[in-house]
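Dropping the structures in below, format is structure tokens.
The same subunit A turns up in both complexes below, where it pairs with subunit B and then with subunit C.
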Partner chain A sequence: MSTSTTDRPATGGSRRTPPVGGDPRPAERHAWIGRRERLTAGGFMAPSVLLVAVFLLAPFVWTIHRSFFADTRTSPFSWFDNYTRFASDPALTRSIQNTLLWVVGTVVLPFVLGLAIACMTDATRFSRLARLCVVLPYALSGSAVAVVWNFMLTTDGAVNQVLTSVGLDSFAQGWLLTWPGNTLVMILANAWQATGVAVILFLVGLQSIPPETLEAGSLDGAGSWQQFRHIVLPQLKPVSIIVIGMSLVNGLKSFDLIWVLTQGGPGRATETLAVSMYNETFLELRPGAGAAIAVVLTVIVLAASWLYLRRQLDVKGE
Partner chain B sequence: MSLGRVLRTGTVAVLALLWLVPTWLLVVNALVPAESYSGSPHWLPTEFGLFDNMSQAWDKANLGPAFGNSLLYSVVSALAAAVLAAGAAFATIIMPVKHRALWFWVIYSGTLLPLQVFIRPLFLSYAESSLYDTQFGLLLIYTAIAIPFAFFVMRNYALTLPKEVVEAARLDGASWWRLFWQIHVPLTRSAMVAVFVFQFVAVWNDLMFGITLTTSRNIRPVMAALADLQGNYSNVGPPVVLAGALLVSLPTLVLFFSAQRFFISSLKIHR
Partner chain C sequence: MSASGRTRSAAAPLARRRVLAGMAAGAATLAAGGCARGDSTSAQPGTTSISNDNATWDDGYRAAGRELEKITGYALRPLSNPSVTSYQQVVQMTLQTSKATDLVKWASGYQLKRLARAGGLTDLSGVWGKYQAKGWVRGASRDAVSYRGKVYGIPLYESYYVLFYSKPVFEKLGLSEPRSWDELLHCAEVLKRNKITPFLASQVGGWPAIEWFQELVTKVDPRFYQKLVAGEASYTDDPAREAMDIWHDFMRKGWMTSPDFDQARGPGALKAGTVGMFLHGTWQAQGMTAAGMKPGADYGAFILPTVRSATPKSVIAESGVFTVPARASSHDAALANVGSWLAPPVQRVWSDFLQDSSANPTVRSDNPVVAELQRDVAKERRIPLIRYWEASPPSLIQGNTNDLGGFMAGQTSPETTLRRMQERAQDEWAAWRRDEA
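Moving on to the complex of A and B:
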């Protein structure tokens, strides 16, 4: 491409521009223009590359490095000691259990509910209103969702009020106080927020199914369940992978909701890896342990991202 | 109406109602005047104390400066990220650059990593370099964190542009700089708006950098202020906290429903 531009003088490079009518050293001139173009391209890329490298990639490397050093005063090199704490520290074992619960909950609930709502609603006004109810919480922040659900779940909150008023006093309880109930209700709160985006994505996916396919199916005598099972579901596969991957990664990263609702408590019972890292680093003041948790979390997130990214990326840019 | 249809409508109605309950309670109880809140949630609005509650939340949690800060962080970071990412996408897709895959991964990798992996090194180096607890420090990290995904969107969009336009302009002697501002930016404007909306919301909703890299009330962003207000739940009373949550959600709610098209178009690309 650079060779197609040689008919014009390089801007600002008049010193090296040969006189009109002949170019004594065409090869050198091409190389020079190529270098200039690469320099300009570098100028366009530099701010992004620098910001990402300095603020994201360098801290990442630093964290990996830190995870191999102990948390005593002199912080000596300690091999994998920070990583073996995952097996010995009960708070971290619990954190891994919670993370697994979150992953299952944040993948299954928004997926199933989102798919159901997107498929069961149509273009009528009632359907659109119903969808709005589900999508609305998606516009709230994790912190705001936590405020709403704290109001629902505290001892004198709305859930216990409803249970008492219908005579189910025995079910009323401190929802955020005992494990595993507290983690499960937070997963539900997260699903309340996250289903909206799954609905939107599935709707987009449904629109891309050609109506002729469905018509052909019903002409061949397929019932609505058969149509869903054999025509709609296979066509939704690309969208499904995006929804699953997105929910998976968001579930692994979820911090705001837990932090504002319980700060990982009581007694570190509701921590996930994302919250444990923060607690170990800034509250327990064990940065090495925190760094190890961050690295483990990164590995899991990268593995989860790979599941859905590999089919979407076209890196060469052609 | 067939039985199947009745069942379907019923299920949708039940789900929608279940979903509506927390939203409904949020609004209704944010309306209850703080003094007359009886200790248990209200289900129907009776009095109107919303603005009172909001102004109490505004005072008690210093939401005023927090609002201004978040507005600054969201607008500037999202705008900077959109423009810088557009430039990087322009360079890697339109310009003749070597090692495109390498540059792609260098910039894009940032969006794959969880925030936890950046936070302590940033905290330490911010403390060292006196960026800690400054607006400029937060602007920098918010811009940096927004760039990878913005770049991904802008690059995907740039891939769909016809190459002939650029080649023709190059033959006419336009410089790359002019090409970028006068042809590339106008052509990719809709993708830039999508990126801006998306990153505005992401920065506005951020909690973690807000609570880690700031301490003073006139620097911290709005979600950190809300978390602080929630920490005083029993002191200020539920109506004030809920009114605060509603207040800080208004900008993103408005943006979400007025720019739905852009949201969806950026969602389609992934995430």
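Moving on to the complex of A and C:
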């Protein structure tokens, strides 16, 4: 990498450096054209940069600033008080636990299910229908999915009614009432929706695998599992990186499903950091505490994405 | 053009520039339009706009507005945002802008005090004084609509927290409206024996978790409740423990619905006979009618009896208010309308619409069930108590409501719940008093 980095300015420099002993006017002309190109590029970039700066960076800087001030009427500077609540407030501790559960659940379930469904439906007779059934929930909004699952998961909802009707009364329970069960069923509901996009991506990946590689493996005597493990899976790596990366960020910012199903309750038991941020800021009227959660969440999302992508890109670059 | 390649190549960028320029102009126009003042809150002759968080009341506002128009010349134009959470945010934000509506529906008590403290509301003490002179408001309500001695809200309605019950179900089981605690327990036992869940209790949407807490504490000791919500008593004191123990006992006996039972289904559940009694504000009478139940024939309502016969009788009263933003688009019209809102002809129409009791004590409800409750409150000289939601600083109430929701879901014991509520009360009262100082 270092080689390529040092190479690049040399190449660019040689292009921009005027030839020795040559006419200075072409050099001036080159410089003028270069400036003009840079200005033009800057002009095209300016609206986007401005929008990002005004609507993303400025609020982010303001949020960091606000997180260091108390939530009393006069809002005095309070150092890290809003951040120390992560250690002292049991609701925030639970929120971090839930966020971790969501991250694991939203990464593992859509990945495993998506890969399995894509592999199973790639070459079967009813593959189109099966794929449609799996992909369809992805087209629904998160809130609509939550409303549907609410009908199923309430104590007198469809799931318990079915269990009762088949004589499994002992399994009927308040699915959304007790932790960690309520968080787990919501992760399942989320997986039901999110698997669709993983299936699509894996199908694209599967279709891009050259059949010759599989034929070669087959001729070498590799069984189905060996072919999958040593030929298919390595070639799905770029797609897997995308699926896991997307799921990771989706898990960290999960909000809509939780909000519609439980509003983070009962007793703040199902809050994730995103829900806690909303709850503290708008319901408990503590914008400083909400800002601190937002900062922590942003740091976690950026760190997780960076660590993950850096590792993956390194692997890819090798 | 086609004759020369040069012309063709020059024309293409020109056309592209025109398209881009057109698009940029269009975007600028849209942006300018978006930034311009919306029509909804701007002044419209002959009307005053109302921010409202209950879209089902829009027709009632319009009907009452027609009566107001006869007096003031201004009708009412409701602008509804049915999500309570987003409504509160929108109102608080728009109060600081020039887009504030003329009237804003808000809660009384500390919810109003917090809004008034942030500034941006009109002092309505003069309006209140005129109402009081005419006997159109209850003097005892003044504190609930005041901040630092000034009135910032005019009562919008007055609801009582009562237990609705299905008359046909009670008659079928040989039950009558309970007048004492023992009779209430008897009703619950009979209902449970007949596979009917005696009480509806819910924490769906958050705030309903306060209903049984406030009701049981006030029926154990109403004076204690007054001290508790004023920050002068502890949540771990005996009356609060007793109330929570009763609640816990009801839940263990299976007398209460699952906490994820949505209250919106309450009237239907009463009608279907799956739930025996539904604790809620009398404004729910409208929901009973919507479910096809006739007041007095299909449903009745009573105030929860006190746990001991010697305990003073009380009633939880909820009163929303109208506030007038200082930067209301039609400020004079808004003041004229709040100045006549409690006039009997207006309240007659409004009370009939709500099927609830009017904030004007001279106006009797048209709904026989609510009218009977009004008589009961007056006859028994029940102590009016402010609803828990508005009775203490909002941050404290919100946190405690979450704790009560957790208790209902079986996450915490009564002792742990009360201990947490008390810890929060100490912090939040200290913060509130610090801010006030």
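Here, the second predicted complex is superposed on the first by the 260 of 318 C-alpha atoms of A that agree within 3 Å, B and C clash if a C-alpha of one lies under 4 Å from a C-alpha of the other, contacts with A are read in each partner's own complex, and residues count from 1 in each chain.
Quick note on the criterion: contacts are C-beta pairs under 8 Å (C-beta built on N, C-alpha and C of every residue); 3 or more make two chains touch, one makes a residue touch a chain.
Not measured: the values here are computed from a predicted model.
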(request) Figure out whether A:Thr298 sits in contact with subunit B (first) or subunit C (second), or with both, or with neither. (result) first
(request) Once the structures are superposed on A, label A:Trp149 by its partner contacts, choosing first (subunit B), second (subunit C), both or neither. (result) first
(request) Would you sort A:Thr72 into first (subunit B), second (subunit C), both or neither based on which partner it touches? (result) second
(message) Going by the contact rule set out at the top, does A:Phe282 touch subunit B (first), subunit C (second), both, or neither?
(response) both
(message) Once chain A of both complexes is superposed, is A:Ser48 in touch with subunit B (first), subunit C (second), both, or neither?
(response) first
(message) With both complexes superposed on chain A, which partner does A:Lys253 reach: first (subunit B), second (subunit C), both or neither?
(response) first
(request) Count the residues of subunit A touched by subunit B and by subunit C, then name the partner with the higher count. (result) B
(message) Show me the subunit A residues, by the header's touch rule, that subunit B contacts in one structure and subunit C contacts in the other.
(response) 154, 156, 282
(message) Quick check: in the complex, which residue numbers of subunit A touch subunit B?
(response) 1-2, 4-5, 7-8, 11, 34, 37-38, 40-42, 44-45, 47-49, 51-60, 62-63, 66, 113, 116-117, 120-121, 126-127, 129-131, 133-134, 136-144, 146-152, 154, 156-158, 161, 192, 195, 197, 200-201, 204, 224, 242, 245-246, 252-253, 255-256, 259-260, 273-274, 277-278, 281-282, 287, 290-291, 293-295, 297-298, 301-302, 305, 308-309, 312, 314-317
(request) Would you pull the subunit C residues touching subunit A in the complex into a rising list? (result) 85, 88-89, 114, 117, 203, 205-206, 209, 258-262, 394-395, 398-399, 402-403, 405-412, 431, 434-435
(request) Would you pull the subunit A residues touching subunit C in the complex into a rising list? (result) 71-74, 91, 154-156, 174, 176-179, 263, 265-269, 282-286
(request) Would you tell me which residues of subunit B are touching subunit A in their complex? (result) 4, 8-9, 11-13, 15-17, 19-23, 25-26, 29, 39-41, 84-85, 87-88, 90-93, 95-98, 100-101, 103-107, 109-110, 112-122, 125, 140-141, 143-145, 147-148, 151, 155, 159, 167, 170-171, 173, 175-177, 180, 204-205, 207-208, 212, 223, 226-227, 230, 233, 238, 241-242, 244-246, 248-249, 252-253, 256-257, 263-264, 267-268, 270-271
